[in-house]
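Every chain is named by a letter (A, B, C and D) in the order it is written, and numbering of its residues begins at 1.
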Amino acid sequence: MNASINVLLFGITRDITGQTAIQHPLAPHARVSDLLIQLHGQYPRLADIRALLVAVNGEYAEPDTKLKSTDEVALIPPVSGG
Amino acid sequence: MNASINVLLFGITRDITGQTAIQHPLAPHARVSDLLIQLHGQYPRLADIRALLVAVNGEYAEPDTKLKSTDEVALIPPVSGG
Amino acid sequence: MISLTSNPIDIASAYKYLQADGAGAIDLFLGVVRDNTQARPVDRLEYEAYDRMALSEMKKIADEACRRWNILKFVVIHRTGLLRIGEMAVLIGVSTPHRADAFDATRYIIDTIKQTVPIWKKEVFTDGEIRVNATP
Amino acid sequence: MISLTSNPIDIASAYKYLQADGAGAIDLFLGVVRDNTQARPVDRLEYEAYDRMALSEMKKIADEACRRWNILKFVVIHRTGLLRIGEMAVLIGVSTPHRADAFDATRYIIDTIKQTVPIWKKEVFTDGEIRVNATP
């Protein structure tokens, strides 16, 4: 049984993927940067976003943050609220 | 017949004079500074006000502004609105 | 819109007046009667104005703000008479396309009002003492 | 008070909430939907938020403002969903004893919200084109 992780999508990442969330396979010891590389492979247009950040459990995360399958991950393209 | 000028009083100048306006004799060719000197003589406590300005017809006036009897003069102690 | 009034200032109608299709930002500054001045308990304030000149000086300030910033609409309302704790003494409102102008203009208007507009505040402290012309 | 809401923002209740006996100044900033972006006519906006994180990021910003300035009460309300021209997208309100703090804190809060809070705007132009993620 392979582990997977839930990735929430917002803003332009919804338009690129056509989805509001995806289940993505999670390799053991995977970090945020590993997940991003895989998602870029799957959705090349994600690489066009000039500053794509990742949140883990509702907090901005660093590229070397480790992931576990119970984490809530979210792709955060440049915000435009206010 | 002596000319006179109407002087409106506001703020602390009302408390000092006990009035909201006074009629003051107006010498020929009198300027704002002449009027202030006379009023200081009559109400010495006016000299305690750290920056007493004078308005003529609703505009801040200079000490050398000439006065005529039809002018509306007002004593403007430091303002404290807002 | 510039006014002096002895009635309570209504924020909703000021907001309504400030609306403009090109407005992306509205800043509203409210000057309120606080319960103390330099830690001394205040009971109430009384504002007195040289009405005609207060209006013309407020207009000069608003005109200058309109020269300096891209202002779509503005409201300047100063209350006179007896005011209790929590009541609004002054409302300044500015609508602009972008927010920096709204903040800068509103701040300029209130700062300048406090320097040049012939309105005077009498502070009545809870111990009964009255102070005239304390500049803040 | 911090909230995200899909209902129209009510300025009167925000003002009521901001009142405090020690407040001498209240600044209210309203971000409003304007009829154009860079001279291009806008029909409507749609705001989408990562709710849980938007709330926690707004709280961080307000907490930091409370550390920097003497704030008595604050209100931060961001609207989500479909907004028409003239509707309020965001309201920031701060009450303080003195006015400089109210202006500085309000401006800090709105500036920082635009940088860090996960809320996204979709602009729908009158010609039907949709633009996502244009940062202002």
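To be clear about the criterion, a residue touches a chain if its C-beta (ideal position, glycine included) is under 8 Å from a C-beta of that chain, and two chains touch if they have at least 3 such contacts.
On a predicted model such as this, the values are computed, not experimentally measured, just so you know.
Engineer: Count of steps on the shortest touching-chain route from chain A to chain C?
Structural biologist: Minimal hop count between chain A and chain C: 2.
Engineer: Among the other chains, which touch chain B and chain D together?
Structural biologist: Both-contact set = C.
Engineer: Taking each chain's centre as the mean of its CA atoms, how far is chain A from chain D in angstrom?
Structural biologist: 27
Engineer: From the mean C-alpha coordinate of chain A to that of chain B, what's the distance rounded to whole Å?
Structural biologist: 74
Engineer: Return the distance between the CA-based centres of chain C and chain D, expressed in whole Å.
Structural biologist: Averaging C-alpha atoms per chain gives centres 23 Å apart.
Engineer: Counting only residues that touch at least two other chains, what does the list for chain C look like?
Structural biologist: 31, 110, 136
Engineer: Check the chains against each other and report every pair that touches.
Structural biologist: Result for touching pairs of chains: A-D, B-C, C-D.
Engineer: State the interface residues of chain A toward chain D in the complex, per the touch definition above.
Structural biologist: Where chain A meets chain D, its residues are 8, 10-12, 15, 55, 58-60, 74, 76-82.
Engineer: Flag every residue of chain C that touches chain B in the complex, lowest number first.
Structural biologist: Chain C residues touching chain B: 31, 47-50, 52-54, 56, 78, 89-90, 110, 113-121, 132-136.
Engineer: Quick one: which bits of chain C touch chain D in the complex? Just the residue numbers, please.
Structural biologist: Checking each residue of chain C against chain D gives 11-12, 15, 19, 21-36, 85-86, 95, 97, 99, 102-103, 106-107, 110, 136.
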